[in-house]
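Next come two complexes built around chain A: one with chain B, the other with chain C.
On to the complex of A and B.
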């Protein structure tokens, strides 16, 4: 019913913009990853696999990538453990207060992400709020040093930041479950536990997969929390990219690392979509 | 769900869920509470219990020129990014819902990719583009970066809104002799008022808080998050807490306004939920 002119008018402008400002830059990233830097710090446009060779040869790159994935995996697990029961509680038990509680989950997202990471730093530091509280209460004599500048601090902060992101799709999935299915399960004699494990949980799997993907991918690419709270043992792959684009001035190698991240993220999204499709009921 | 609570067993179950929810909310709000409390703490950001309550940090903040310059920069960037994202994101949603064209699947994925792709990849890809094009980095490059990355937000929100709109109104308008332009402004846009306002609010706040893309595209003028970031590296003062507290209060007011609007309107959906539902970019 919409004319060709209408369709062209709504399609072309975004198509052109996206091609110039998203597709072209990603393609450029791809090209850069095969180029190199001369000793005079200029980009040499000769195509070779030297950067990828270096990624395989120098173990700091893949070790950091593995560490980032391990941090992201822990963040994902904790976000789901915090987010799922919360979403379940809101969707099935909160009654009329549901929307209010929902807002309370969302509000922390309106506080700058950088500022919340900084707040954790002021809590976890050696003369931070937590350590001085523990000493004030005579529970410890000396500040606990492992709290800040450790992978622990990064996992804690990222879990804080990404729990609402894990919560959102799970909540959306739970809200979409037809309530008469739950009632039917009860009418047929299932206990609350049985209903949860056999009806509600399976139907919410697509939300869990989406939430896990959010938490994993977003925390995998994070570079601020490790810089602020990670210390040397909490460095993540994005920090390497940042330093390659900054002080180390090796854009092509940085592009190669980024392209590996990009491919990892896109393949994760691909698998999570497969998984969601497999489990969706509609 | 009152039905479920009436069973004896589920009451204890719901108590555990309530306890869990309380713990999660405490975890989500602890850093925010610390942030606000210590903005009034005369002795600095650490140390329990807080004492020497004072407004000094706010006084210092109000006399701090660079911070307010960066706030103005961020406001400009956020407004301009909002315009760009809506100008291309709304047509993109219409195109995805109504038009068929070759490469549509790829287009959809590209538009939505920045929602979940680590910001640094989008940021450094654009840096390469501007570098190749010989564009000098400035607030303009940040605007282009934010505007492009946040098209994804406008598109998801509006696309979800379109699914609920009755197309017959637009058809009637066209049948009655209005042209597409008139129909767009008089029927399509008013029908999508709530999703568009919701998207605009989200884009504005996300841009105000954005740091990964800005990190690579920054010229001489700092945005607020980058100004804060620069200061955090030099040492921390409660001035950061004070400025964050003020922004938090403004955000709360914005949420409340949105809520009022939604209640008066025919009840659009919760901010962010659309993204959680439609965001799977692949």
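On to the complex of A and C.
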């Protein structure tokens, strides 16, 4: 079929890429997590479990991880609650305007993440758009403090940023449902509501799972939103990793935290893929 | 499940039955009345002025080429399309203003449209579940319906695990289990291969007899329509060409299009003058008004004439055989006659190779057809 040289030419570049930019860094990360830092701030290449020990012993790590997961869970929930109805409306009722609406949903993705995060800072700050408006309307006397530098701000921003990611796979799944199944359901006496719960929702589960996975995994690993809008109470696990690799200069501990996160995410992806397979029927 | 008609009779007194049998046509009227239904998509007119009745327990076939509007008509009855004009009545109930889920009509879709996430059993139970029937009743009716289409062995299978013919049966059971007054079938056999298709034609027909539900069957296959139907409604570019029994539509086609669409035919243009028809090389007498006329002459109405004894009153012509197509029991031959007239003739399959032949037909077999349906 194809010559050896051709096969090599096609497979080699991605292979090199994966090795240099994926396998090697992960291997390095893995090694670092079992090393330690000496009192002279140098990295000692002696194998030990001290870092993992510390992760269990010091509660700030796992508490932050739990908080990150809780934030990610809320972001996922809100993204689905916004993304699903939107996708459903677009797929089934938008008619000829479908593509226009679709572009509206996609457009924010073309705007830099940073710009959007800063935009929320401008909106939520104590001199921000929202607080000024509330005071102008005499709804509050003083600027509301909880709006910015809080988990609320982080959840709000991440929901805004990741809703399109939840929307897209759901929309794709809905578009894939043969319309004659909907007709068959109506034909057999089911109302629109019954048809939604008994046919449309079950058949869109793979899209929901994929969308939820995107929203959860992406927001779990986010560090910019908590950095810009989170304040002390809105810190997430990635911010700890950043500071461990930066100011704290404890790469081994940072590597251990990263590896735990990686393990969590990989098992999540594995689980969600199983779920998607279980619910796909083509 | 007892047919609804049988059940109704069971509840009547003897005198009522006697009365019903006398005046049934007056009292009950047709099951479905389609009145002046029209449909257009934008500027594209798909159906115009369709009026059609379907009787209780009738097997009616809507026959037409692709693009004739037959599926659109079916979808209007089912409620998936709204008519641009006209009305659809089921008894005393105006059907076309009801959503599909309120109509006592069920559909068997061309691609079956079985729910892929549900088992065969759950698919069949769907209509009863949404109607919130008691579970005990659902179980027994589903079992009965699956038995009827011989699919009980596959009750727990997912639709993707069974063959096309089996999916077809499940789709049928899923519709019939709801005991609709009318079943719509949108080319349900078109995806099956020829043998299975013929088998299903027979099964479907006998099933319809058994349950006594009216069927409206859409197909583009004229042979299928002939085999299965009580009546055929032939659609051509959105208009009804003829509605009649298979025998009538074959023997007495109303238009040239019908004659050509249903089976083979020879169309002869003629001129009538004082009881004599002149058509190319032929002349025969017929009681027709003067003027031009078009005749349909079926291939089997032409016979090979023996030289010696000509049947009295037959019209004869000689010609040269140009083509012979062997079909087993019969053979279709194309004969070139005087004036370049080509006639298609059906002869017994045992005729062997032919060259110059003498043909004859009886004037009564040449049926007058209209050029096209009257456009109102």
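Going forward, the second predicted complex is superposed on the first by the 277 of 282 C-alpha atoms of A that agree within 3 Å, B and C clash if a C-alpha of one lies under 4 Å from a C-alpha of the other, contacts with A are read in each partner's own complex, and residues count from 1 in each chain.
Following the convention adopted for this analysis, a residue touches a chain if its C-beta (ideal position, glycine included) is under 8 Å from a C-beta of that chain, and two chains touch if they have at least 3 such contacts.
On a predicted model such as this, the values are computed, not experimentally measured, just so you know.
K.L.:
So in the superposed three-chain picture, is A:251 touching just chain B, just chain C, both, or none of them (first/second/both/neither)?
P.N.:
After superposition on chain A, A:251 lies in contact with chain B alone.
K.L.:
Check the contacts made with chain A and report whether chain B or chain C touches more of its residues.
P.N.:
Tallying touched residues of chain A, the top partner is B.
K.L.:
Give one of first, second, both or neither to describe whether A:203 is in contact with chain B, with chain C, with both, or with none.
P.N.:
Once the two structures are laid over each other on A, A:203 reaches chain C alone.
K.L.:
With both complexes overlaid on chain A, does A:186 touch chain B (first), chain C (second), both or neither?
P.N.:
A:186 sits against chain B and chain C alike.
K.L.:
Between chain B and chain C, whom does A:103 touch in the aligned arrangement: first, second, both, or neither?
P.N.:
First partner only.
K.L.:
If we overlay the two complexes on their shared chain A, which of chain B and chain C does A:15 touch? Say first, second, both or neither.
P.N.:
A:15: touches chain B, not chain C.
K.L.:
In the superposed view, which residues of chain A touch chain B and also chain C?
P.N.:
Residues 183, 186, 191, which sit in both footprints.
K.L.:
Contact residues on chain B for chain A in the complex?
P.N.:
Residue positions touching the partner: 1-5, 7, 9-10, 13-14, 17-18, 20-21, 24-25, 27-32, 34-35, 38, 45-49, 87-89, 91-92, 94-95, 98-99, 101, 107, 110-111, 113-114, 116-122, 124-129, 132, 144, 148, 151, 167, 171, 174, 180, 205, 208-209, 211-212, 215-216, 225, 228-229, 232, 236, 240, 244, 247-248, 251-252, 254-255, 259, 270-273, 275-277, 279-282.
K.L.:
If we count contacts the way the header does, which residues on chain C are in touch with chain A in the complex?
P.N.:
78-80, 99-102, 105-107, 109, 111, 113-117, 126-127, 129-131, 158, 160, 174-175, 178
K.L.:
Provide the residue numbers of chain A that touch chain C in the complex, in ascending order.
P.N.:
Answer in residue numbers: 178, 180-181, 183-191, 194, 198-199, 202-203, 279, 281-282.
K.L.:
Applying the document's contact rule, which stretches of chain A touch chain B when the two form their complex?
P.N.:
1-3, 5-7, 9-11, 13-15, 17-18, 21-26, 28-29, 32, 82-83, 85-86, 88-90, 92-93, 95, 99, 101-116, 118-123, 125, 127-129, 132-133, 136, 160, 163-164, 168-169, 171-172, 182-183, 186, 191-192, 210, 213-214, 217-218, 220-224, 228, 238, 241-242, 245, 251, 254-255, 258, 261-262, 265-266, 269-270, 272-273, 276
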